[in-house]
Amino acid sequence: MSPLLEVHKLSRFFGGLRAVNDLSFTVSSGEIFGIIGPNGAGKSTAVNLVSGVTKPTSGKVRFQGTDVTGQPPHKLVQYGLARTFQSTTVFGNCTVEENCRRGSYLARYPGFFHSFFSTSKAGEMRQASDSRVAEVLEWLDLHRVRNVRAADLPYGAQKTLGMAISLMAWPKLLMLDEPVAGLSAAEADNVRDTIRKIRAEGISVVVIDHNMRFMAGLCDRILVLHHGQELAHGLPQDVLSDPNVIEAYLGRRYVKA
Amino acid sequence: MIKISRRNALAGIAAAAAIATVSSTALAAETLRIGAIGSLSGGGTAWGLAIKRGAELAIDEVNQAGGLSVGGKNYNLELLMYDDQYTGQGGKTAAERLVFQDKVKYIVGPIGSNPVLSAMEVTTPQKVLLMSNGYTPKILDNEHKASYNFRFTLTNLEYAPSMMKWVKENLKVTKVGILVPNDAIGQSVAPPLVKLYQDNGIQTVVDYYERGSKEFSPLITRLMAAGIDGFDINFNAPGEAGLMVKQARQIGYDKLVYQMGGPSVPEIIEVAGQHSEGFISYEMFDFDAPSAQPFVKAYAAKYGKGIINSQTPAFYNATKILIEAIRRADTVDDTTKIRDAVEKLAGYDAGVYGPVRWTGKAIYGVDHQLALPFYVVEVKNGKPVTRAVLSVD
Amino acid sequence: MLSMLTNPTILGQIVVNGMSLSSIYILVALGFTLLFGIMRVVNFAHGEFAMLGGFAMYYLYAVFSLPWVAAILLAPLAVAIPALFLEWLVFRWFYQKMFQSMIGLLGLSIVMIYSALLTWDAFERNIPAAFDGILRFAGVILPIDRLVTIGVSALALGAFYFLMVHTRIGLAMRAAAQDVEIAGTQGIDTRKIYRVAFFVAILLAALAGALYGQVYAVSPFMGERPLFVAFIVVILGGMGSIPGAALGGLILGFTESFLGTFYGGSVASYASFGAVILLLIFRPWGLLGKPE
Amino acid sequence: MNSTAETVPVISKVRLGRSTSSALIGGGIAIVAALAIMPYLLDERFFYHIAILVCFAAIGASSLHLIIRTGHVSLCHAAFIGVGAYVSANVVMKLGFPFVGGLVAGTLAAAGLGLMIGPVILRLTGKYFVLITFLFGEILRMVFVDWQSITGGANGLSGIPAPAPVFAEPKYFYALALLAATACVAVCGRILSSETGRFVNAIRESEQLTECVGVPVIRTKVMIFVIACGFAGFAGALIAHYARYISPPNFGPLESLNLVIMNVIGGMQTLVGPLLGAIFLVLVPEFLRGYVQLQHIMFGVILILVMAFLPAGVVGVKDWVARRMIPHDRRGEQ
């Protein structure tokens, strides 16, 4: 099976700083792929590069065999590559339902003219998108809170809503930037269940986090980033027992222990 | 504020009524209102106050003498003034309000081409007299010949030729630097001025600056580098002209500084201090003349001892001429008659400028330009001393 | 043109003009950027505090004939101390509200200008120069009052730098400029910081106004130009950046001086605006600001 | 997860005042409509003049509101009004086209200029956008002053003809202005209430998130900007043929700032805000004009009070009323 996402020798320099250097990996259909690393390792930059938020200095990103390097995020969503953000995950002032409507731009927006005159095309698209919103809310267990203002949701539910927004575009690959940062253990477990649910629908997931315990229990494969470069790459148990990884995470004195 | 918005909210009618009450302070049978438009905002405020104060002094004089009797009735005069913000839009709105809301028949002011031209669009079709001052010839020379506009101060078209003759004979300059603001005045007057210098065989170096600048040293340095032997600080606002004199001297310019037109000398002396010594200027009013003393005293009594803007006597004069014309026409309503009376007022002496003489036919096609004497003064020991008295040809 | 460039008199002139322009711009801009950096307040009334500084100097030096040094020290205090009442009455409502502060303080600026107009009339007043005269040095003519302006500004800048870098309150202010909430949680009394920052900003503006008033002239409308310039200087240097305000002031002062001398007033305006626009497009956070 | 529904307040509970607030908005529209027909009841020329100025302000402020809704506060909107005014005046006076030609040309010229600069400047956000538009407006004003052959320089252009002889009378021009303002406000309102408006709001609230759900953010912002600039040009053409005389100060930074003040004073959250703001900012100075030397001081105090006590603008009066009616309501800080 050909890989869904291919990242080839991706680099990004900020002035003299090599935030990401020569990063390569692939993600297959239906896979949960993890990128971990200590703070400042370049994880977020890596997601930004792949999702088009930041332009790479060099390297290639291929999605389903198409070269999408340097394309803006809204184009990548059309290809089927969606993402969430670490901090701004939801539109805080709107209801949960409205958040999802805003997420479904591609299915919902008929163009300025149709939308202005509310043509039949606009009506059809609106109806289709509304039923899809209801479906996703039900699926991710958010339907009970659909009229709640997003900012009033507990933090864990906001993270789930963030994923729901991204899922409205029917992506083939979803990239999650620190989905459990700041969550309690119970909430993190909830998020892990949701991610598994998403994969069960055939959507590949790339997760970025520094929480090893969470990642080990979730991902099929893990890549460890350190100072913008790949430190290790493989199955969770192999990667996490790698002495280089332990050193990077915990410091030299833990390596022998 | 909440009060106002609630009032809006309750009924629009109330709002309209409030506008009406603010403006029409009980039109008593014996009160005759003279309108005024002038800038009371921003940089033009000194001029707006000049209009207000000049007109108020003239009106006070008439009221204290028992009022104005016309057609067997005795009227107490009242000034109704609105701000034009020194813009066209403001001039139009103020004129609309005076003409249509307050039913005023004669207006003194405004000053400045923008507000005058747009106020004119309102007043002339309604045959309302406009006693204004702006540099653009269009105020008098427009599609309404025999219009209802009169101008009470000289523009460069009037005084520049005689002034130039005097400058050429007495100052002997060969290359003159000119700094003008890049605004309505500067753009109106600089091209004809440059042409006038050239026609007289004098070279010019011209530069424009944005209104509001306070630092002219770079521009003066530039003029000095061009080798000027005369610096003409024409047409600048008083503060700016004063700064030009001061800064020119401070950076070591030791040749002639003078102006062929523009603001009054006392203000320049105030700002430039000792650096104004030897400065030679056109002056539209001689505040030290014996004939001016009653006016100066009345001003100080009412507004304090600050510097008197030189437009103030001009609008005092304009208001007095207007009042005299109403008296002679013996009507307060028929503005055509009043206009004709103004035109025939030659010889009347309002007290500050000597007898009235109308001119302008040759330039504007209508004799609606007041011909005033003007002066050449030189600053000696911190005081303006008259060197010559000139008049419009 | 070339002869102008190699003429030491003109070059000296340009440098002195540029420096004295810059020093006043910097004083006004520093306070403006301090208020924005710490309180997120766009102080459209900043120029009016400079105007009050000018009038204070006028009364202390020209009317009451105090010694110049006493007048230049007292004038800023005479403005900044009563201004604390305005801080309580008006400013505190607008902290951390960018747009509301812009409009509300525009209102304050209008109130201040026209109250001054009612009090002092519209004409321009001169503060007699304390150090009138010209220094001729190797063919360069230096007006002494400009040199004094440069010197006083440099002293004020030095004092300000010391306050910000070497005192506890300065450290607290810099922390508050970084992030008010975090500074608050770390036990910094934000209300006090606001008051101190306001006092310092007004002090600088009033000092600038006193110098400006003496070099140029004093009138109710004299604050418009310094505010306009402060606005541009602060964009140039980066909103909220203190070294940025200093650099921005230097650049703007020298640009005006150089371009004005070589190309005339119009070109100087177009060029400086155009340059700032380009800067905003390519480096919106200003020369020394930080990207957000 | 299931517990979330019980632990958080449901939004309809929070918005107890919903019916009161929609009644207030409805009331606001009714007031605007009443004010719109009032000049005809009073039938005084000066009221027509003021009402026409309100119409111009309403077009300017509501089109600026479109840009503000994308999260960008433009300080050069009056300059675009100027572009429309000068282009229309020139097309009619120099090229001899009828008024409609000038109106179309003015609208297109302003929209075209918006299209040229929009893609560049709309990449900046927040205060940087405010600053760059301020500078751009200043440059346009300088062009109006310096390009004397087209703009008449600082002396402006005079003798611009009325749209038709009958419209020289303010009574009839008001009908035209009212129609134009109503159409413009209706179009702005329709854009904001349509699906386009949904994504415009999304862009304002989080540009990054919106871009990443597939919305072409820059293109959408440019489109809104171009429409708004077009309306500004449209208003400019009307102003030129009403005032019959135009000059650069009409289109300077102070006028742009006035349009922003209308939005902030009225309220930046809904389209009613700029309408109330336009009425407020034309009428209040007119109330005060009689207090010759105190007018500015009073106006300044009003600005301070409104901003200090109604930070959400005059529209915020409804929140203020709501707070009185529902004592424990949440604070309505924006």
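A few notes on this one:
As written, the chain order gives the labels A, B, C and D, with residue 1 at the start of each chain.
Keep in mind that, in the parts below, contacts are C-beta pairs under 8 Å (C-beta built on N, C-alpha and C of every residue); 3 or more make two chains touch, one makes a residue touch a chain.
These are the chains along with the protein names UniProt gives them: A = ABC transporter domain-containing protein; B = Leucine-binding protein domain-containing protein.
Keep in mind that this is a model prediction, so the values were computed, not measured.
Shared contact partners of chain A and chain D do not exist in this assembly. Counting C-beta pairs in contact across C-D and across B-D shows that the higher total falls to B-D. Most remote chain with respect to chain D, judged by CA-atom centres, is A. Centrality by Cα centroid goes to chain D.
Centre-to-centre spacing of chain C and chain D amounts to 33 Å, using the average Cα coordinate of each chain. Between the Cα centres of chain A and chain B there is a gap of 71 Å.
Computed from the mean C-alpha positions, the centre of chain B lies at a distance of 34 Å from the centre of chain C. Residues of chain D in contact with at least two other chains: 142, 146, 293, 296, 302, 306, 309. For chain A, no residue reaches two or more other chains under the stated contact definition.
Counting partner chains per residue, chain B shows two or more touched chains at residues 182, 210. Under the contact rule defined at the top, the touching pairs of chains are A-D, B-C, B-D, C-D. Partner chain B is touched in their complex by these residues of chain C: 3-4, 7, 10, 13-14, 17, 21, 117, 121-126, 128-129, 132, 134, 141, 143, 145-146, 212, 216-217, 219-221, 224-225, 228, 256-262, 264-266, 268-269.
Looking at the complex, you find that chain D touches chain A at residues 1-2, 4-5, 7-12, 14, 190-191, 194-196, 198-199, 202, 205-206, 208-217, 223.
On chain A, the positions that touch chain D within their shared complex are 51, 53, 72-74, 77-78, 82-85, 88-95, 101-106, 108-110, 112, 115-116, 118, 122, 126, 141, 144-145, 147-149, 152-154, 156-157, 160, 165-166, 168-169, 190. Those residues of chain B lying in contact with chain C across their complex are 42-43, 45-46, 49, 182, 207-210, 212-215, 217-219, 221-222, 225, 238-239, 242-243, 250-252, 267, 270-274, 303-304, 306-307, 309. Interface of chain C with chain D (complex): residues 90, 93-94, 97-115, 117-118, 231-232, 235, 239, 266, 269-270, 273-274, 276-277, 280-281, 284-285.
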